[in-house]
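Each of the two complexes below includes chain A, the first together with chain B, the second together with chain C.
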Partner chain A sequence: MTSQVPDLWPPSAQEVVFLLLGVVALGSALLVVTTRQLVHAALWLVVCFGALAGGYLVLTAEFVAWVQVLIYVGAIVVLLLFGIMLTRAPIGRSAGLDSGNRVTAATVAVGTAAVLVTVVVQGFATAYTPLEPGGGAAATLGASIFRSWVLPFEALSVLLLAALIGAIVLSRTDIRPANPAADAGGPAAPTTPPHPPDPAPPPADGSGATAGETGSGRVSRDGG
Partner chain B sequence: MVSEVLDIAVRLVVIVVVFLALPLVVGQMEHKAMAHMQSRLGPMYAGRFHGWAQLIADGVKFVQKEDVIPAAADRRVFALAPAVALVPYLVVLVVIPVGPGLFGVDLDAGLFFVLAVMGVGVLGAIMAGWASANKYSMLGGMRAAAQLVSYELPLVLAASSVAMAAGTLSLNGIVEQWRWWWLPWQAIGGVVFFVAGLAELRRPPFDMPIAESEIIMGPMTEYTGLRFALFMLAEYAGIVVLSALTTVLFLGGWHGPLLPGPVWTLLKVLALAFVVIWVRVSYPRLREDQLQKLAWVGLVPLALLQLALTGVVKLAL
Partner chain C sequence: MNGTIPAPTIEYALLAPMLVVFGAAIIGVLVEAFAPRYLRSAIHKPLTLLTLAGAFVITIWQARTGIPTTPSAMGAVAVDGPALFIWGTILVLAFVSVLLINDEGHFVASAAAVPGSAEEERALTEGATHTEVYPLVLFAVGGMLLFPAANDLLAMFVALEVMSLPLYLLCGLARRRRLLSQEAAVKYFLLGAFSSAFFLYGTALLYGYAGSVDLAKINTALGSVGGQDTLLYIGVAMLGVGLLFKIGAAPFQAWKPDVYQGSPTPITALMASGTLVAAFGALLRVFWVALGGLEWSWTPIMWGVAILTMVVGAILAITQTDIKRMLAYSSIAHGGFLLIGVVALGNNQQQNASALSALLFYLVAYGFTTVGAFAVVTTVRDAGGEAWHLSRWAGLGKRRPLVAVVFSLFLLAFAGIPLTSGFFGKYAVFQAAVAAGATPLVVVGVVSSAIAAFFYVRVIVLMFFSDPAADGPSVVIPGGTWAVGAVAVLATVVLGVFPQPVLDLAHTAAQSLFVR
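The block that comes next holds the complex of A and B.
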């Protein structure tokens, strides 16, 4: 980190692009939690991840940016969409997406954001590091992971392995506890319906056109 | 400065032209090759000579058709889906090297860029499947998602084997490092990559998501006119991109005797595109469980074997 602080005004082209990407990321993230259409939330998440990847690119972390797109957009969001479609993916607005905890959740989120922003501003407000092309290239990144950070890397891989084994144990139905008492208690949970009974029928949404859209063509897909 | 801008502009124009022309060539090849394999003639009238203008006529027809959006559809997502399916393949073409020094951009992590962007293309099919408000489309979209999730892994593993062998992630660098004996060395990886790529494109025999005899056309059921044409263009552009990537990663790109480099690249790409068509005519459609089994029991272990082989040989050298 260099101590030489450049002028904040006029901003460089990189800074402008970075700010714009930040605005896109923040805006789409807000839309993810506020949109009333379930699938749109997942699609806004794609925009958010894309803007984040753009942010990495501006900071010359090329490899991280592409891995972000590959893993999060290509795999996580696809899996998310698959999960949503398997259970409930109505077109149009659906009521009852808001959790009862939303005030608490918003408070926690704003609190966390405030703490993070304060820490970053306090700690790094005057710290500048020049961006050089190739700083986040695969070779540099690989060298630093496998030389300086090899221990955390290996610890993380053990964590992932544990998660993998856990997933296998949960999904294999032929692995069961040996005693029948536990067996009777065990599978009770999976036999309940996969989603809780939905108390709100489509017209409860109120506003006419959207509620009609929800109700008309989508009965077979709702399943609830 | 001016020459730099001009250089970039010329490269981009060439790429766009190639992007629009090559899929049409592959499409025409599919029409004719498939017809002759099935003892037919295929298109014979459009353009007078062996129906060479058939796809242009098809394009004109698609433009004239009415653009129908189902009443129950999610209009914005429905309209956006064809673009999401098509644009990634255009973007991928920018980094594919055609000859020594002949590429749009040489990215340091080009291989990951290509794989990441190709994964985004499948989102288009999922979006189309969901937004159409049609149960067949929905099923097709879900099958496309399941297929992507299982075949992405062998695809990435096979591609990383080549990256290990070359010691770089840049596509240009990989071709420069390539030697003829990589052909047997990376053969397993090449087959795995090509098969997994076919599955990611949802080409037969992996066309369960669009299976026209059971779910009509999957995500594309409700699409008409120009939007449908965009989906078809995306499919053929996908074939071009997959063939070009397999050429660059496993077949040595522009390396070859006698002929100039770009000609070799083009020849290899067209030969692989022919294989894609050949496979379509030869094999019946895989069932959903067979699809998943092939990915997890067949391709993933093979890709891991290739990774181990690459590592051992690389260390021994």
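The block that comes next holds the complex of A and C.
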């Protein structure tokens, strides 16, 4: 990958833009963790992600850049903003944002950054790759995903399906077979065993709105 | 590129076992979506078992028709001798675990209900069940099949996630001790996510070093790329963290006792057998195929990890009072014994093949024994579920001699007593390690085996020589569990008395070593 290395000075236009974008990304990242206004932090995150996307664009990875904008700026930050909106109604300057662990957190962050920067500098200090337009275009990436990486790609779709099923299992509260006795509103037998051996076939649906009493005599919450 | 992409070549026949499992998982999802509720369980049970049996038959058929010598599916998967052997092992162990899952009463009625709330009570009285467990198990098994066969780090990472994600979920579905189960699931998820991140970062750094994520190309790059050792070493270390976490090697073993304790016991059995086998297959492939040329650098670290794992597993197991935690620490110790075999990589082909076949045999022997042991754990029950505290097992030998004898057999196999499968497993691995010059490691292994034997024997003594409590636990053996116990006993005894056929099979599988 190493080819003829050009001189560092004068810098090319790409290098200057890349450097500026890096400064913007770093500065806004610092502001994300230091600002005292939650909404501002989320918005600074937009700037940070945007600058990163610009960096990708300069490196000719245009598809990754747009994915960064769509997913991180478009989806994740919006999700964050909605989260803030729904949980903290009065927004503005808030005092209690500083964590008690900030010294530890800062140490860990600086340490991680130091290790990573060292590794990358040591590994790639002398490497040079000429930028070719279109190297990271959607066409190239698509061809490579659906040719070389087709099996991992399909496995990923299986993973997403499994995650979906799991999310439904963990969150859906109305999964229960309808109890005909409960449906009719009639009192169940007082000594219903904890596991009825043979649950009766459910009628069409609407089992979530069962009213009546369960075996233990407790009035069900969403029905009563 | 103008709009046309040459179609990739996929060897569907070679990948058939994996595709069958994934296909059946998707059919299972459709069953969940369209079948009426009272039919679902009746459809899932035969579907899951038939799928696993069918995939096993296909694996056998593949092994008989000839083993390919090149990677398949555009280089993403290597279906070679060891991979086929591991597939067969995983499929049989998963089949046996599904038999355990089939028996009633292991899974929560409604996972979303708050533990102890009225909703949970009502879900229980209405007999609700989570039949989604079956497709999730099939997804996990599919991931387990892909993981040890992956021929590049990217496919391996995807497989790792496909294997782990359903397991994170299944951990949280225990019917009894709900809070413990949920805690286990969250802990496993968070720590697993961390370890996956380590794996991915290691992959990225190795890509930076070698310019490829293909295992064989990384090995080639070891000899040709110079001056980027920092990338290589940090990449290997991070990759190692990800893989060692999955097998629960010290110092990354902390999740294992908590997760094994909190999960529904059939899922614990699946994790302790299938996941361990799959993770060892992947570990061997990464360290022998991709990093074989770097042996001098990683062997000392692996020595340390193996010693620490054995000692930590054996010593901490002594202090446990929960039977499932004790078995979890025993599983950690066994991970250490298996790591001895990983270290036994030598310079000649023959020695590597013998070390590999020893490891494969050990995995089969340990897998069956551990599934059997967890099956016995499910049968001894108190009013509130399984009798988890060791003191409740006192005097079991006098009340239910057969169950106690079977459990003792499994414990003796864990300890490696002759005439059980565990003995030949340990013997084969230790022999391979001595041949590779790792004698001090073997000494540590034997010593920690002795320490481990102490707490296995302690349980046996507790069962046979203590007086049973008046209100002792009852023993309930449903049909599936009975079959699992019988299979595990058979495997443990047959592999202990007459191990030659399986040793030969492992030897044949290992002869070709991993495809490069």
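Some points to look at:
The working rule: the second predicted complex is superposed on the first by the 148 of 224 C-alpha atoms of A that agree within 3 Å, B and C clash if a C-alpha of one lies under 4 Å from a C-alpha of the other, contacts with A are read in each partner's own complex, and residues count from 1 in each chain.
Simple rule for what comes next: contacts are C-beta pairs under 8 Å (C-beta built on N, C-alpha and C of every residue); 3 or more make two chains touch, one makes a residue touch a chain.
Remember, predicted model here, so these are calculated numbers, not experimental data.
In the overlay built on the shared chain, the residue A:66 is in contact with chain B alone; chain C does not reach it. For chain A, the partner with contacts to more residues, out of chain B and chain C, is C. Contacts of A:32 after superposition: neither chain B nor chain C is touched.
Judged by the touch definition given at the top, the superposed model places A:118 against chain C, while chain B stays out of reach. In the superposition on chain A, the residues of chain A contacting both chain B and chain C are 139, 216, 218, 220-221. Of all residues in chain A, only 1, 115, 118-119, 122-124, 126, 139-140, 142-143, 146-152, 155-156, 158-159, 161-163, 165-166, 168-173, 175-177, 179, 182, 188, 192, 194-196, 199-202, 214-216, 218, 220-221 touch chain C in the complex they form. In the complex of the two chains, the chain A residues touching chain B come out as 37, 39-40, 43, 46, 62-63, 66-67, 69-70, 73-75, 77-79, 81-82, 85-86, 89, 91-92, 134, 137-139, 213, 216-218, 220-221. Contact residues on chain C toward chain A in their complex (touch as defined above): 1, 5-8, 10, 15, 22, 25-26, 29, 32, 36-38, 73-77, 104-105, 109-113, 118-119, 121-128, 130, 132, 135-136, 139, 142-143, 146, 154-155, 158-159, 161-162, 165-166, 168-169, 172-173, 205, 208-209, 211, 227-228, 230-231, 234.
Chain B meets chain A in the complex at residues 71-74, 77, 107-109, 112-113, 115-117, 119-120, 122-123, 126-127, 129-131, 133, 135, 138, 141-142, 145-146, 148-149, 152, 156, 168-169.
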